[in-house]
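Heads up, there are several structures right after this.
Each of the next two complexes has subunit A plus one more chain, namely subunit B in the first and subunit C in the second.
Up next is the complex of A and B:
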């Protein structure tokens, strides 16, 4: 177990710029975090040496338990700055083990926080990574059926794309910040496959308008909008645990209905601003530059943003 | 002496004027007044350009006459060839296409930025006959002596029907290029975004402009000086703290120029935090020769900066500068006005400090951004980063540096410009910054260049700042001391590890080398919370939403 002294991370620290360890330290009640398989155990990738690449002693994923505002939770955090926060054999197994433990043991906390920060599967271990994504998605479904609330927190520099985007979509609830991004195919992947005319990955304004936190929140792709601070995500996570839906047929049907309606409603939109106009926002161009408080006010009036699905 | 009366041969004294008249006559069918239809641009260029002409195709550091560049690349090489390109910036692919297509042959330039790798390849392939790589001031000066363009292809935001041009904040090189061309009977063509009845202000008088082309889309401007605060590292913040506490404060540097890069962006962003806590407001960094760096916004807003003159502009800063005329040079119309020639001269003669980064530094302190496969050019750094021997006005920092350099205090009092190189010991991809020999020396041999390209000569450098500390080269008395002072801040690079430990400790005792702890700096304090703005959006909010960040920096 981890007996290293825990650094204090201020409530106002930027989530976007923090490391995975700083996010955990700031998010949970001080001193409550207990890490499973900490870096001292050196559970690391057996494959990276083949490519002459450096390893991380935690393989870029931190798992453990602690308290969130007094409530017991399990927690996993991806380090987006290590190889893009990727899903791989060891990091995938750590994540999977945590979720399956919650599924199988009702003595464990009934909430899991997934601090996603990943571009997807680690290409050097692609097969193991793809399997890990599939297994994690299945385990999340099973844990939810067993009554566990699985909450995704998206606001890191790598966003949540590929396997991380799929994982987020499988969770009970998703919180996202303005700088957070999520989707399946990342901007670079779309540009490589479909050309720069289809999607210019260097045009950050375009990338964020489509995949970024504000658009995701407005169209219901995320269920809470967090300020880009440790305390912002703490508040969002706490409120989402309370609002996690029961995972049953009714929820799934509601989700299916919601997504079909969304496809139909936005079918003719070619930009995010057009979608925001369809949502009834009178000045869609102002959405992006306004401050968080003004944005939260607008979200409150948008019907799509709240729903009973997922 | 009397004038000869029996001239046997009669020399013509107006050949350039006659050539100009012929060209204008050939071009007249494409123009209505001065206005040429965009579709006729290639034909216009074929009419006014002659083989072997010196052509300036701006080609600036930021703004690009991009439409004219692509049209010039379409002329028939059978008609127009062997052009001698004389322009400061080789920036667009078309600038090099001219050589690949056989339209141009010889090149004299200053800065190549994004084309540095392609340019190196073209030079090695023998496609380009290289005159020289210049500094800006040097190339502009040669426009008036031996590299005067016959044709200048310029770019402006708008023009009126008389050819008066409005360039707004991106005036940049144009006034000097057009002055040299127009008054030596050359031809000036301007691409503009629109023709208006009355320009907001006249940046170039219409009688110097021959043709106007309205382009289908606005000209390209590169946001070259925007640095995203989110990408500034703790090492860079430490370097910034060292520079402020170890150089700006003791010398009392008020008039200065910052080179481009994250190191100097870090300095700008900790003025309102770290430097403010040191009580330095008003005592340092008040007058700048500087492009309008967005990272300077928090210092401006907090009252640090008194005035800034700029070489060029920066995308998205127009409204902010318009709203801060006390700080920036603005025209009667309210918009900022830049001028690369003036600002280069100002930075050379009227500042006491230059600080900038580089890719390689050798044991004498020579630095270069040229590598084996990259010809980046010089731009303005060699002028900003040199001690101007023509300077005759005194200032406290200049005199202090001069005293340190002279040592014994005998002889005439002289001043010295502070020339600071701020680097990390290992650069991008962990390539060592400190080297035994500059790559550019190899490159000069491979390309048979008369002069190895050196950005800043070691004898002009006064200080080197790394995360390991500051080396004050003014205080070194022998070449050996100088070498050890450099090795002593070169960290774990091979150059740094080969230091003479005893010599380095002696230098430290004499304060030739100062470590962070010698300056009372705790390296653990070097963290991002010191940055007055931590993201581009923070900068926008600091500006009261007047700064409009370019799309490629809008990560929200």
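Up next is the complex of A and C:
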């Protein structure tokens, strides 16, 4: 276990700019975090040396348990600044072990927080990473069937793309900030493969409107909108744990219906602003510039934004 | 081998899968014991986007809603998820995850799922389909990969020559069927010279309730650490 004294992280610290360890320290009740396989155990990638790349003693994933506003939780955080927070053999196995433990032991906390900050699979360990995502997704679903609420928090620099985007959407609930971005193929990858006409990754406003937290929240791709602070994510996570949908046929039928309706509703939209107009927002261009409080008010009136089909 | 040849081999008693302009596979086949198999999939290397996911997921949900215990076969030849701004804008990650969730629920509700990769399989589309089944087999010549070497060279900024050299030595990274078998993602390949129907029945009979892919990867030596580390974390969590 980790005996290092824990630094205080202020409630107003930016989630986006914080490290994974700072996010955990700030999110959980002070002094409550206990890490499993901490860096002193040097659980690191054996594969990066082949590519002359440096290792991290936690392979960029921190797992443990603690208390969130007095409630026991299991927690995992990806460090987006180490290898893009990627899923790899070791980093993926740490997530897997934590989720399986919750699935198999009803004495453990019935909530898992996944602080995702990941571009997807680590290409230097591509096969192991891809398979780790598949295993983690399966374990999340099995944990949900066993009654565990699995909450994804998305607001880091790497966002949640590729396998991390699928992982987020497998969870019971997703909280996202304005800076949070999620999807499958990142804009750069689409531009490289399909050309700049398909997706101009240098057009920041375009990227923001397609992959960003406000679009995701408005169309129901995320279930809570968090201010980009430690306390913002704490509030969002606490509110979502008690609203986790069960994983059953009715839920997935509702998701099928919801995702089909989305395709039909937005069939003729070529920009996110057009989608927001269809949702009844009269001045979609203002979404970008309004403050968080004003945005939350707008979301409250959008029927599609909140649902149990996940 | 085309998908038509494979289906003929799998279901000598007949099947009703017809070619579709959207390259989706949707239908059912007759087992030798008289039972039915629901068949879904994607063909011709077609990328999987939101328009492909919905009919496949709907079929899986219909199978679950109908009750019983008919198995689901998921046949996959896809170059990966569709790369399009429109699909991403609508949240392709939710669509792909939805299909994986439907398949997992089907297993849980008593419908065993078998994946069969016979062409390409990559990235997010692989996770949503073949890798979301109870057990995954491949036809010889299948090319499962997370990403091809030229793209990998671009992203990792390593010379393609160096990647080619490394791909000879490490299954954790090298694209291809052999690697995917060694890490435990693919259970094995089917022999086209032997009756496919019997190999399918054997696959069904061998399905386990647990996800054993980490143990398989360790046993085969392609993924030596994952199972141990997952076990150590779980042990620490239980305390």
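Convention: the second predicted complex is superposed on the first by the 310 of 310 C-alpha atoms of A that agree within 3 Å, B and C clash if a C-alpha of one lies under 4 Å from a C-alpha of the other, contacts with A are read in each partner's own complex, and residues count from 1 in each chain.
Rule of thumb we're sticking to: a residue touches a chain if its C-beta (ideal position, glycine included) is under 8 Å from a C-beta of that chain, and two chains touch if they have at least 3 such contacts.
Computed from a predicted model, the values in this text were never measured in an experiment.
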Kindly say whether there is room for both subunit B and subunit C on subunit A in the superposition, answering fit or clash. fit
Per the contact definition in the header, classify A:55: touching subunit B only (first), subunit C only (second), both, or neither. neither
Would you check which partner chain A:183 touches, where first means subunit B only, second means subunit C only, and both and neither mean what they say? second
Which partner chains sit in contact with A:288 here, subunit B, subunit C, both or neither? Use first/second/both/neither. first
Using the superposition on chain A described above, determine whether A:65 touches subunit B (first), subunit C (second), both, or neither. second
Based on the superposed arrangement, let me know which partner A:205 touches: subunit B (first), subunit C (second), both, or neither? first
Of subunit B and subunit C, which one touches more of subunit A's residues? C
Examine A:302 and indicate which partner it touches, taking first as subunit B and second as subunit C; both and neither are also allowed. neither
Counting only touches as set out at the top, which of subunit B and subunit C does A:125 meet: first, second, both, neither? second
Geometry of the superposed three-chain model: angle at subunit A (Cα centres of subunit B and subunit C, steps of 10 degrees): 110
I'd like to know which partner A:278 touches here: subunit B for first, subunit C for second, both or neither. neither
After superposing the two complexes, the shortest C-alpha distance between subunit B and subunit C, in Å, is 14
Set intersection of subunit A contacts, subunit C complex versus subunit B complex: none
Residue ranges of subunit A touching subunit B (in the complex, touch as defined): 14, 16-17, 178-179, 202-208, 212, 214, 288-289, 291
What does subunit B use to touch subunit A in their complex? 230, 528, 534-535, 540-541, 545, 551-556
What part of subunit A is in contact with subunit C in the complex they form? 36-37, 43, 46-47, 50-51, 63, 65, 74, 89-90, 92-94, 96-98, 100-102, 104-105, 108, 121, 123-135, 137-139, 141-142, 145, 160, 162-163, 165-170, 182-185, 187, 189-190, 192-194, 198-199, 210-211, 215-216, 219, 221, 247-249, 252-253, 255-256, 259-260, 262-263, 266, 269-272, 275
Going by the contact rule at the top, pick out the subunit C residues touching subunit A in the complex. 50-51, 53-54, 57-58, 61, 64-65, 81, 83-98, 100-102, 104-105, 108-109, 123-124, 126-128, 131-132, 145-147, 151-152, 154-156, 158, 166, 169-175, 179-180, 183-185, 211, 213-214, 217, 222-234, 236-238
